[in-house]
Amino acid sequence: MTVLATTSPAIATAGIAGSSGYAGRELHRLLASHPRLAAAACTADTRALADSDIVFLALPHGASGEIASELASARVPVVDLSADLRAEWQYGLPELHRVAIAKSGAVANPGCYATAALLALAPLVAAGAIASHMVVDGKSGVSGAGKKPTDANTFCAAAEGIAPYSPVGHHHQLEIEQQLSAVAGAPQTVTFTPHLAPFTRGLLVTAYGRMTAPITQAQLDDLLLDHYHGEPFVSYSDGVRTQSLRGSNLCQIKAWADPERGAVVISAAIDNLVKGAAGQAIQNANLMLGFDEALGLPADASWL
Amino acid sequence: MTVLATTSPAIATAGIAGSSGYAGRELHRLLASHPRLAAAACTADTRALADSDIVFLALPHGASGEIASELASARVPVVDLSADLRAEWQYGLPELHRVAIAKSGAVANPGCYATAALLALAPLVAAGAIASHMVVDGKSGVSGAGKKPTDANTFCAAAEGIAPYSPVGHHHQLEIEQQLSAVAGAPQTVTFTPHLAPFTRGLLVTAYGRMTAPITQAQLDDLLLDHYHGEPFVSYSDGVRTQSLRGSNLCQIKAWADPERGAVVISAAIDNLVKGAAGQAIQNANLMLGFDEALGLPADASWL
Amino acid sequence: MTVLATTSPAIATAGIAGSSGYAGRELHRLLASHPRLAAAACTADTRALADSDIVFLALPHGASGEIASELASARVPVVDLSADLRAEWQYGLPELHRVAIAKSGAVANPGCYATAALLALAPLVAAGAIASHMVVDGKSGVSGAGKKPTDANTFCAAAEGIAPYSPVGHHHQLEIEQQLSAVAGAPQTVTFTPHLAPFTRGLLVTAYGRMTAPITQAQLDDLLLDHYHGEPFVSYSDGVRTQSLRGSNLCQIKAWADPERGAVVISAAIDNLVKGAAGQAIQNANLMLGFDEALGLPADASWL
Amino acid sequence: MTVLATTSPAIATAGIAGSSGYAGRELHRLLASHPRLAAAACTADTRALADSDIVFLALPHGASGEIASELASARVPVVDLSADLRAEWQYGLPELHRVAIAKSGAVANPGCYATAALLALAPLVAAGAIASHMVVDGKSGVSGAGKKPTDANTFCAAAEGIAPYSPVGHHHQLEIEQQLSAVAGAPQTVTFTPHLAPFTRGLLVTAYGRMTAPITQAQLDDLLLDHYHGEPFVSYSDGVRTQSLRGSNLCQIKAWADPERGAVVISAAIDNLVKGAAGQAIQNANLMLGFDEALGLPADASWL
């Protein structure tokens, strides 16, 4: 046996507004084993939150605006998990905006579908490898529909089958287009259809692009392996499946080339409540607080 | 109360080779309530089968060839449910080839993914409404993977998540392309990615095309409603979901137009073991025997 | 081919109050293929219902009382699917009360757990084979919890695990005790614990009794095979599982003897929406209208 | 922020024989975040294993005997996860045998059903509160059936329903009886029926006993709260459900009294792969190595 000596670093406090929803609950679950960030004030009382080192807003869509402004005035760093401020605040996808996030005090966490779609498509768009219109077919577990009981998220409605919803108009479509257009420096469009699939956690997108020039499978693999080399939370390999990522902040990606038809297919899997919500929020918080970006975040892909 | 008098029609006999697999079992289940067709010889003995009015081959892929030739020599009408003879025999999708099937003695039942993809895309291709390359994203329940236990179809491998498989090369891709090219009178290509989803029965494809000219949602709805008017087993409406089709021979279809992006999205849902296999085989047999095409086939979309 | 001639019998009309819940919906689904009973008035308007040959009340618990009295005054035969009138009306378990049901104009359909528990235990209690206190461990799919969205029946609450609910006090406990006491001619008690299990349809009880005298496996099998000989909707054999009964009115039963410990174990499986609700209601209606008890009711145990 | 200083303790090495099964895989997953125990040799080569500070045998049932003897000769502490040595070696249920386990070099990890059944029943048996024959109704997720694909553990066989298996003769029955008899100091018997339920992880037993003297709900609650006071991995409270325990070493317990009928009902939920296998093995190893018993083991009950 070997004996090691270390100095434990400081503990920062996190305020959480909105602990009752799935994302808020998952923030608590993850922070419980974070070595340097501890859930402190859990309330929607702005003054109580203002004493925290960082605040997570896990409120229903539409509810973040006012409290966010007040916290900004109080100069408290904020990560907002709703869709409300994604067009105004720093977009919080670390793999695209790591440096800007670290400097920002107001970060908007990406949507779950957008996270997976952007991690899949951004490298291909950045490389100019695919044409400016793409197809994104998304499949999400039922936790993505939120905690409030509705006719659509009862067990009997959602189990034992699959269905599309919100085709041609889901709000993540614009979010994906804005980010891809920024990456390309030119307008990009996507057709996006989400589907409700019968499992609790997990989200998969399979995206489709048209090659701008012939590309082989080996070239495609190299492009993505190079792009994501060293990323703590992106894994490029065969065997993409949401089951193995339960509770993990990892995104699994694999792409396939069909040069004969000029087609590229690329799948990306995440746990929608972790890399698609609470885990990514903590990844952003780690950057904003100057911590190691991966601190307290599991990158496990070995779940049964 | 009203008293009715009817004359019951003749009963034809069906031979079934391959009763132990899922498709063979489903043939038996459906024939048990068919008013004019009864399972008789259930064997792989060609001579026993040759006494039947019609034979269903529900054998593993690769096993139909020899027995099919012998039955053809004996002039027994055959519906083959495997992929073996789809390039040679009459392709058995009644909505595309009703008249030819009725005249044929040797019909190859379509693949389950091909059934849903063709019912979705053929009307748009026939109308010249979409460009010659299409994307087909398929999601199948686990019964589609067959009955033999494998590492991929155990409960623990397949439940509680979703995964792509066989991207860029599934044999249904060529089958879809051949049929769509015949419909168009010009080469058509598809990029097809199937996914294994955690339910027993049911199959959904969401297909994506590029408009050749601007088309509104109303025009798209009209095109498909007109095309499928009077079809006993195609229903065009909102609310496509595989759950409601359990045990039914119905295909539910809905399309969405995004003229701004020049995109058409179209979803089709079936029970993979019924319209995707045994039910469609009986629909073909009904046509071949001169029966009402819908005889003995439920078109129920009201399952919980 | 053989040609048969038959005379179709009269068609009776069924009124249904409460078509929107799961049981009401299932009544419609089953009546759609019933050869002699057709859903007519679907309303809660007593006058409209009074013109029917029989009325099914599929209303929420607590809502049947008034409408039931009015229909009784109008001398319309009624099957009530709620728990409201089980203590007052003829108890509608055909396997126990066939003759009385056929003579009755007011039948209370049993609860789903009670149906399975009584079909399992009544033969053993009637034979004096087990002691007067029994354990009933029930497992139900989520449709048993009704259609209204609640915190307990969302997909995320109910999927991917199992939980007990309402131990020591579920209202089916008294219902089971009353019926078993009547069978025995002496007070019988049960301890009943239901569990919510992650599937849509299906209900299993495993019941436990103490032998009053030693009994072998062969004797136990004989007792139950004899008792249920000729019953159209009870099957005694190995392989009890709810999956194979989807949509069927069948109850599968199997018992096991452990003479060394003086224990009897008996499992009974049903589709909770069919033999546990709508199918049994139609079985009762068939008896009340003088039809063949099994008319229009599938007894299929071959579902995948 | 506060700065803390600590001294990291020594790291012990673990050998694992049998890394490919579910239990072996889960050992690796859990050890990956254990602060003082690290997976080293992963092999069935006894010599390689003999260099470890402790060895886990996660081999198929029947395969542990020879390798266990060799390791015993080499005086390497061993935890065996199979059923092979439970009658000979120290039985490894820490809540019953903590002190003996800490002194032992050869510990047999309990079966998953036995773990839950014993944690539920032992306190009641120890207190003389229930009679000497008990009923144990078990429900396990499909991972309990092992990794090897069989006709019984395919998705299509196991999903969307529930079924009993191995009634009156499962090998865990004797294991439970032996331990309860030792607790009571007198022979105890159980009737045990396991059921296969459609989820991956999780196991629930609901056990039934007859009161030896009247006991109220408050007395029952007190008995169990007192018994488990301070236990790191037993939680007594309402809301027992396997879903919340995914990946956790916790056992949730709740009991209900029905004094009128003289009945006690008690449910216990665990993750079958953690407290029912790999987690409990690590808990035993912690004791054997002189570590804090809870080291590296999550006791989380907050999973969605």
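The letters A, B, C and D name the chains in turn, as written, and every chain counts its residues from 1.
As a working rule, a residue touches a chain if its C-beta (ideal position, glycine included) is under 8 Å from a C-beta of that chain, and two chains touch if they have at least 3 such contacts.
Please read these numbers as outputs of a predicted model, since none were measured by experiment.
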{"item": "Relative to subunit D, chain with the most remote C-alpha centre", "value": "B"}
{"item": "Same or different contact residues where subunit D meets its copy subunit C, judged by the half mark", "value": "same"}
{"item": "Centre distance in Å when subunit A and subunit D are each reduced to the mean of their C-alpha atoms", "value": "36"}
{"item": "Where subunit B and subunit D are represented by their mean Cα positions, the distance between them in whole Å", "value": "48"}
{"item": "Sites on subunit C at which at least two other chains make contact", "value": "22, 143, 156-157, 159-160, 198-200, 246, 304"}
{"item": "Interfacial residue positions of subunit C with respect to subunit D in the complex", "value": "133, 135, 137, 139, 141, 156-157, 159-164, 167-168, 189, 191, 193, 195, 197-200, 202, 204, 206, 208, 210, 240-244, 246, 254, 256-258, 261-263, 265, 267, 269, 304"}
{"item": "Residues of subunit A touching subunit C in the complex", "value": "22, 142-143, 147, 149-151, 153-160, 198-200"}
{"item": "Subunit A residues touching subunit D - in the complex, by the definition given at the top", "value": "1-12, 22, 25-26, 28-29, 32-33, 53, 143, 160, 200-201, 246-247, 273, 298, 300, 302-304"}
